[in-house]
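So, here come the structures, one by one.
Shared between the two complexes below is chain A, which has chain B as its partner in the first and chain C in the second.
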Partner chain A sequence: MTRLLERPLVHFALAAITVLVLPLVLRSGTLASEILIYGLAAAACNLLLGYTGLLSFGQGIFFGLGSYVSGLLLLRAGWPAPVMLPAVALVGAATATAVGWLSIRRQGVYFVMLTLAFSQLFYFLAYTFSDLTGGDNGLLNVPRPRLGGRALADPWSYYAYVAVLFLALFAVLQRVALSTFGRTLLAIRDNEARASAIGFPVRAFKVAAFAISGAVTALAGALHAMLIGVAPLSNIEYHTSETLLIMTIIGGGANLFASVLGAAFYLVAGDLLSAIWPRWLLLLGALLIAIALFMQRGLWGLVERAAALVTRAPAEGAVPEESRP
Partner chain B sequence: MTAASPTHAPASAGAFEPALAAEGLGVRYGSFVALKDVTLRVRANSVHAIIGPNGAGKTTLFHALTGRIRTAGGRITLGGRDITRTRDDDRVRLGLARSFQVTSLFATLSVRENLRLAAQGRTPWAALAPWRRVPEHDAAQDTVRALLQRLDLGPVAGRAAGELSHGQQRRLEVGMAMAARPKVILLDEPTSGMGTDDIGAMTDLIRDLGRDHTVLFIEHNMGIVMNISDTVTVMRAGQVLVEGRPAAVRDDPEVRRAYLGNMITGDLR
Partner chain C sequence: MTYLFQILNGIGLGMLYFLLAVGLSVIFGLLQFVNFAHGAFYMLGAYLAYAMVERGVSFWLALPLAGLAVAVLAAVTEAVLLRRVYKQAHTFHILATVGLALVVQEIVIIVWGPIGGNLAPPEGLSGIVILGDFVYPEYRLFVIAFTAVLAGALWWLLEGTRLGAIVRAGSESAEDMALLGYDTRRINTAVFGLGAGLAGLAGALAAPIRGVDPFMSVEALSVAFVVVVIGGMGSYAGALAAGLAVGIAQSLMATLWPEGARLMIYLGMAAIIVMMPRGLFGRA
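So, the complex of A and B:
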């Protein structure tokens, strides 16, 4: 069972099951769509944080940018969604390449500070160019994609649209994580100096990880703008970067499905708790402290431990021969 | 005697095209001069040892040769090609690989994966392919299989590198340098911290490597140095003190004075 949990196919199956189960357990199609969208963005964040060891506060840039670019292309250029989405991915990848290329010049604290600075920079750019972005109000009236001549106005029909893209992009990210590229990222995370000493151009690998992560994050941002009908300023805020990082850490590192789990947990807990207590984020803070202190492998670590208990096989070492997907 | 004029000619006198050479190499850390005017010629398919007391600049010389640090002056050539300004990862592609004095592995990855990555490092841009799966049968995997056997790491191939015993980690450390199938292999204290049994195996391995590679290694154990080296370079205070055949170096009064008889472990008869 514990071995089974390391198989990539099992992870994809878990993602597919999530897609099927969410409509059965949630009443809100909007919340269900949000889980998939943020799950995707968190998985892209994991490619940097969990696989490459880069704690970047820049993910909100790509998410927000995805929202704005999708809105602009749909509203101003009149592009249909199937044409708009690849363009958004390209813009996300290009921006992430630029931000990554400059940020990875420094390591550790200075890298983190650079990504924070970029995050602020892009926020104020969006705030300043209100002709394009709508400033404080956001870019309003972003339309839903059309299918068979009519817009996907119903939350659950849009959920289906999101679900298909979610599964496709999840599979792409899995492929990336399992590739020679993804396995090299793990080496860079473990020991950057050695990775360079055995011949890998570490910077090129980091920038490529940024580009892929940025493309997927921007797509998630586009899906989010179409979901809520607006590209809000808050999507490009520093807070979005923070939320994505928290989801990734709650879920667990170097594991794409764990990020989906983290996003689902964060959003469902937020939905339930905010109805009871407006200061629910306080509880989330306590949970983060607990994870940082006692369960650094996140929710996925709990799943693995539970699986080990069920099969009564002790989770020895818990390090697989190959990387996890 | 100055550093630039070694007392002894290299093992075999006369001109030869060195596999790796440094001319007038200098390295500064701030105002501290770590290497000063170091000239070194490593003959192809030979085993060349570098010895010297702690702080002599041996590891700094390795860092400079492999491109981990910038040099303040001088020239480095690999097989006649100037690599002074070449980046460290590019030097691997040109046939220069190293191991580290302090074990430096991918601790959470398996032993097999550590070696595979090191073998892949020879063609790093081919790895920059987010869609390509790791092939089960290719040159890199063949290298990995051969190395696992040669280093006797087969039984622990699936374990995380961080879980290995010290001796196994040291063997893997050297294996990582071998995996790149380099022309010139630099080993920084390959036997450091090893038990007696492991030292014997490592000595044999280094001697073996000298047959089809050029080996440059730093070592404190004089028994090993005297037994398997073709040439020995003695360093002190960032400069080359003496260079020559093991026996000649052993009997050199300068060397004896530099070491004061007790700076090094092992047998310096």
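So, the complex of A and C:
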């Protein structure tokens, strides 16, 4: 059972099961789509955090940019969604290459601070050039994609569209993580000096990881803009970067599905709690502190422990691996 | 003449940025701990001063009290909570302090509401001074003078006193200090309180200029990060020079391109990172 939980095929199966189960347990197709969209962005964030050891506070840049570029291409250029999406991925990859290349010039906490400062830079860019972005109001009337001549206006039909892209991109991210490239990222995460001494161009690998993460995050941002019909300023704000990072860390560092789990937990808890108490973020803050103190392996760590209990074998993941660099 | 006016503004702003950044920097130097709740402490200082003045307390009493209250609160948080995270990876330092910042932000919204408010400059400093050809708000001159005195006192504290020597030695090697018999836990708590208290004081000083709102923390945190990235962590001189540079650049830009003034801070930072990856004063 515990061994099973380490297999990538099982992670993909879990992602597929999530796609099938969400319509059964949730009443809102919008919430279900949001879970997949943020799950995808969190998984892309985890490619940097969990696999490369880069804690990026700038994921909102790519998410928000994806929203804006998709809105502009759909509205101003009149491109159909199937042409727009690859372009969004390209813009996301290019921007992430630039941000990544600049940020990895510094290491450790400086790197984290730089990514946060860059997310402010892009926020103010979006805010300043309001004729392109709509400023505070956002870019309005972003249309849903059309399929067979009809726009996917119904929440659940758009969910199906999102689900297909989610599974395809999840598989791509998994393929990247399992490739020689992904293994090298793990080597860089575990011991950068060694990876560099062996002869790997560490910087190029980190920038490449950024580019892939940025492309997928931008696609998630595009899907989000089409979901809510707006490319809002809030998608490029600090808050989005923070949320994506929190989802990833709540999920746990172990694998890409863990990030989807983290996103699902965050959004469902937020949906339930915000109805009862608008200040539910207070509880979230307390939860983050609790995770930092007692539950560093996140939700996935709990899944592993539960599995170990079921099979009565000691959980391999029970011992925290992380140590201070 | 407007340039002189903007440079004065920039010095005031820059000194506030310095206070913010030097607190962050001292905490990091000693504890190797990035405090993502630093902006929240700044906001708390502003709100405490605002609340006290609203209730009729004199600003002159509210200012030191706000700084002191934030320092005590932060020291208690450090001793009860954050100290337990030090052993973990940076990720969890960040997670814990991001969580703390969220808690502070939500408490501020619960207590004072989501809108924010304005604080009038204190009595006696609400007027203007005429300097040659131009007029200048008295309160802003006071901020420059006050922060300059504070910066001097802080320099003396860090460079001229025994406590400062202990802090600097602890930044080099906390283990050696522990072996020499110093109670590093108490020093850590004190320094954390000091750094956060400076942020709280900066917030209280900024409140009559910019007002208070529950989202002022993020902007403060990211500006402090920019200053520290440019000036180098753990460097007093770096924080001062970079804080002033950022403040003056932002103020000058405000006349040339008002909408883009804050954007320019971050573009400037990106330019410096390209040209000088280590920052202006960075060692490593």
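Methods note: the second predicted complex is superposed on the first by the 314 of 325 C-alpha atoms of A that agree within 3 Å, B and C clash if a C-alpha of one lies under 4 Å from a C-alpha of the other, contacts with A are read in each partner's own complex, and residues count from 1 in each chain.
Just so it is clear, contacts are C-beta pairs under 8 Å (C-beta built on N, C-alpha and C of every residue); 3 or more make two chains touch, one makes a residue touch a chain.
Not measured: the values here are computed from a predicted model.
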When chain B and chain C are modelled together on chain A, clash or fit: fit
Contacts of A:Ile212 with chain B and chain C, given as first, second, both or neither: first
Contacts of A:Thr311 with chain B and chain C, given as first, second, both or neither: neither
Touched partner set for A:Leu49, first chain B, second chain C, both or neither: second
First (chain B), second (chain C), both or neither touched by A:Phe181: first
Which partner, chain B or chain C, touches more chain A residues: C
A:Ser274 touches, of chain B and chain C: first, second, both or neither? neither
First (chain B), second (chain C), both or neither touched by A:Asn137: neither
Which superposed partner A:Gly199 touches (first chain B, second chain C, both, neither): first
From chain A, separation angle of chain B and chain C (C-alpha centres, steps of 10 degrees): 80
Minimal inter-chain CA distance - chain C and chain B, angstrom: 10
Contacts on chain A seen with chain B and repeated with chain C across the two complexes: 322-323
Residue ranges of chain B touching chain A (in the complex, touch as defined): 66, 68, 87-90, 92-93, 97-98, 100, 104-110, 112-113, 117-118, 120-122, 124-134, 158-160, 163, 176, 179-180
In the complex, chain A residues that touch chain C: 49, 55, 102, 105-106, 108-110, 112-114, 116-118, 120-121, 124-125, 127-128, 238-239, 242, 245-246, 249, 279, 281-282, 284-289, 291-293, 296, 322-325
Partner chain A, residues of chain C touching it in the complex: 28, 34, 81, 84-85, 87-96, 98-103, 105-107, 109-110, 218-219, 221-222, 225-226, 228-229, 233, 259-260, 262-263, 266-267, 269-270, 273-274, 277
Chain A to chain B touching residues, read off their complex: 175-176, 178-184, 186-187, 190-191, 193-202, 204-205, 208, 212, 317, 319-323
